[in-house]
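The block underneath contains the structure these notes are about, expressed in structure tokens.
Letters A, B, C and D mark the chains as written, and numbering starts fresh at 1 in each.
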Amino acid sequence: MSSARHYTLTLSCPDRVGIVAAVSTFVANHQGWIVEAQHHADRVAERFFMRQEILAESLPFGIEAFREQFAPIAESFQMEWNITDSVQKKRVVILVSKLEHCLYDLLSRWQSSELDVEIPCVISNHDVFRKFVEWHEIPFHYVPVTPTTKADAFDKVMHLFDNVKGDVMILARYMQVLSPEMCDRYSGRIINIHHSFLPSFVGAKPYHQAYERGVKLTGATCHYVTADLDAGPIIEQDVIRIDHSDSVDDLVRYGKDIEKAVLARGLRYHVEDRVLVHGNKTVVFR
Amino acid sequence: MSSARHYTLTLSCPDRVGIVAAVSTFVANHQGWIVEAQHHADRVAERFFMRQEILAESLPFGIEAFREQFAPIAESFQMEWNITDSVQKKRVVILVSKLEHCLYDLLSRWQSSELDVEIPCVISNHDVFRKFVEWHEIPFHYVPVTPTTKADAFDKVMHLFDNVKGDVMILARYMQVLSPEMCDRYSGRIINIHHSFLPSFVGAKPYHQAYERGVKLTGATCHYVTADLDAGPIIEQDVIRIDHSDSVDDLVRYGKDIEKAVLARGLRYHVEDRVLVHGNKTVVFR
Amino acid sequence: MSSARHYTLTLSCPDRVGIVAAVSTFVANHQGWIVEAQHHADRVAERFFMRQEILAESLPFGIEAFREQFAPIAESFQMEWNITDSVQKKRVVILVSKLEHCLYDLLSRWQSSELDVEIPCVISNHDVFRKFVEWHEIPFHYVPVTPTTKADAFDKVMHLFDNVKGDVMILARYMQVLSPEMCDRYSGRIINIHHSFLPSFVGAKPYHQAYERGVKLTGATCHYVTADLDAGPIIEQDVIRIDHSDSVDDLVRYGKDIEKAVLARGLRYHVEDRVLVHGNKTVVFR
Amino acid sequence: MSSARHYTLTLSCPDRVGIVAAVSTFVANHQGWIVEAQHHADRVAERFFMRQEILAESLPFGIEAFREQFAPIAESFQMEWNITDSVQKKRVVILVSKLEHCLYDLLSRWQSSELDVEIPCVISNHDVFRKFVEWHEIPFHYVPVTPTTKADAFDKVMHLFDNVKGDVMILARYMQVLSPEMCDRYSGRIINIHHSFLPSFVGAKPYHQAYERGVKLTGATCHYVTADLDAGPIIEQDVIRIDHSDSVDDLVRYGKDIEKAVLARGLRYHVEDRVLVHGNKTVVFR
């Protein structure tokens, strides 16, 4: 990602001749300087995907004018498209339970500006990380969840998220299954880190499942949340080697390192508009 | 593995005080030189596993005398145990279909003595690799398998295997589901390479399944064959990174490299008596 | 890589506005269907790199007409450029010594058409693989190399290579240091597999060096050969985990698997025109 | 590592018959329950290495009596040996500069008890992390280092370390080259994380060096500090894949994740007495 101010244009459309020519000619005609460009033609889906980073100062107009002038091209190719401005930092709301590792890791990256986002608040169903979060001068909201209060609690979470104009919700080991309504409402905007190499070991206690099955690698998966548990589009995955001498506790410990790295990579891809979803799969222009 | 002649003692038994002391004192009292030793105490199963390589020439007696003299110790600890002599090379029968990569790879390793085994024959349900195998001066048996002749074909395979006194049968992408009887009869002696990271993508066409699910890593699993399809004890696994730009054909191509490496490692562990099976899991003393 | 006949256009030039627009408009104006496209802007070198696969049948003319009509565009952007036709298979000459693993692996991939090239001959300074190579119906040339005959031997190798119109020469563990003249003459056309993770362990006996240093991973590097030993542009690398229990022989054994995979990937990138060299670095459009 | 109180016995000695028998018989005669045991015979150095975890409550005596009674055995085999008690947590002093990632990561692991040590203080040559460290209720010492005050500063660091009875000093990206005296004085007790896959890219700015060389993987190395810069015994290493599109900043970002994971693994091996140093190499009983 360029550190200079830039617009990021992402699009997908039915594949045909002339898409790149049309887009790049439009950009070139306005003297737009492309710092990064990626294409992908999915031959099975017969669909074309594209991402371009254009230096803002190289263009003679702003993002709104870009939208207006680009719209006819987009229409003629039946594009689904989006353009974002790098000065508008994404607003990331973190949901966390009692496990600290992903929270520490995300705040560490945010603190050092490696993760170039705003964190308007952290929401938790436990009150344990209040002081740690507040030390970072980030508001902390304690929203307990019990079997009987679940619906109300999720309403409160959505209210908080909407209130801070959240762009993306991170389930940083939140350990609660969201309601189908919530998954639909924020489709493509809720990211979960699951502590297994999906589709292996869906659901509860994946490290125990992995131990029982005797696998020789353990992993983690960062994916968009859908109403179908642990079955949403996968953004990023990784694994680490284990062996017979490793207990469930060892798997948990190894797994935490993978979870942190995979979640951080997946979140970065998302906030840099590198992930395009199509059906239940992702194109990740890393 | 020591290149000098050695005995390999493997054992497992209920865990208790004094197992290592008893075994190592027995070996030391006969001036046995241990070149490699591994232990594992499974705290969940409360079972102890051990492997020792002892230089043959350091002992005053042969393997039969070892067996006799060690038997009382083994009995007192309720050991399941085995001892092998490195001069008795394992006899590995390879079953193959029309895919060449695992066959080439195994013969390459055998040719260079990296894989220190005998290959008394190769069996295939197609006649395509006859000349290639025979060029290596290894007998080749063509045993066609059709839906109606399956039982007879497997009988013939078992007959061929028994006839050459096979120690282990390798399904090097054999692409046939063995009968439950065959799986039971050679329990712990049939090794399969499955082209996915199990337990993900059991059964047919795992690369297609992986492509559909949009995973970001593809893998392979080397495991003992049981009557339960692709569910036997896992010996070795590995993965390689893929992305959205990879077609099913690309997955097949990447996967072949993982299959070869994983099968070769798993087979080596097996023939060097590094794998101890307990329930549906393995202890692999690499 | 598309299996349908296609042209692969690769180019690099000083970075500026309008390159992609010019190239893609040229292609689109002739109804060229782009099946794969990659770009890279090197901000340090201020240079732009591009690769496109265009379906041959979508264009109204052949590769010669393409060259003629594209030349003015190339000139106006000061491009270094090349276009190849997928029906013209690359001619790969393999040089080998007494180590079998890379040779077996390459021939296995060639045999199964995974590696879609012609192998006009294999050249070796030992006569050990003659029969194996000839069994594949590939000519085998035995060109012994001694300290006193080295210059003559290399002349003979160059003569053989030129004679079969070789496109690329593979040092598949050839174990001979080529002359600077030979490196210059075939610049960017000789690929070596070095058995370490370069720049660690340059020169002779890298596995011994790695053992002495006590590293925890061992690797291999596929690179273009230059007159500067093991210092040419790197195409591909990989590593595998080792530990204190691994002897030099174990490192050799683990390393072979990495060598094979890394050489095969690097060679594929090269023959599919995915590698663009700039200075001593490569852009690899995988 | 067992969570129940245990003693960890580590030893090395010239290899010969009877070592394991002597040690395990001693332990068994006192009803010692061994929960974990590892051996390694280095055939080149002709030296034997061993580690055992013994349940404290299974023995009829304490650690001092163990030391006394075991001493004659140790002497007869010329052992270098050590025994530690798991209730005596290791005291880890962290030295840090202005880079936050390793500090956050270590404190996160300490906070959650994954890293089961005491952190008596953090020392830094910058004052930036005072509040963050103190929030964790860990004393923070600001010891500035300038070219002229270096000797005094290091004296102060040593004084602080000795004062809190530090067991091990962690250079968590401390960015200062220690004096040879300091390296000698705490031999085997200072651990550094170097941001390259050693022995590649020794010294300053390894990510820049890696970028210039065009490597396809970047890594990190956790090692004991010796007077010879970046050349001490290696404890742990790992790598991550990069490509031509990654800038130096990208390498730094990817590298941080590897640094954190590698330092955490290396430190855990050290504090659990899993690392035995011999010459410039380590035996790591993971």
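Quick note on the criterion: contacts are C-beta pairs under 8 Å (C-beta built on N, C-alpha and C of every residue); 3 or more make two chains touch, one makes a residue touch a chain.
Chain identities (UniProt): A, B, C, D = Formyltetrahydrofolate deformylase.
In this text, all values refer to a predicted model and were calculated from it rather than measured experimentally.
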{"item": "Selected pair, greater C-beta contact count between C-D and B-C", "value": "C-D"}
{"item": "Distance-maximising chain from subunit C - centres being C-alpha averages", "value": "D"}
{"item": "Distance from the mean Cα position of subunit C to that of subunit B, given in whole angstrom", "value": "35"}
{"item": "Distance from the mean Cα position of subunit D to that of subunit C, given in whole angstrom", "value": "41"}
{"item": "Residues of subunit D whose C-beta touches two or more other chains", "value": "36, 43, 245"}
{"item": "Complex interface listing, subunit B residues touching subunit C", "value": "36, 99-101, 104-105, 107-109, 111-112, 114, 131-132, 135, 245, 253, 256-257, 260-261, 264"}
{"item": "In the complex, subunit C residues that touch subunit D", "value": "40, 42-44, 197-201, 213-217, 219, 233-239, 243-245, 247, 280-284, 286"}
{"item": "Subunit C contact footprint on subunit A (complex, rising order)", "value": "17-18, 20-22, 24-25, 27-29, 31-39, 41, 43, 58, 241"}
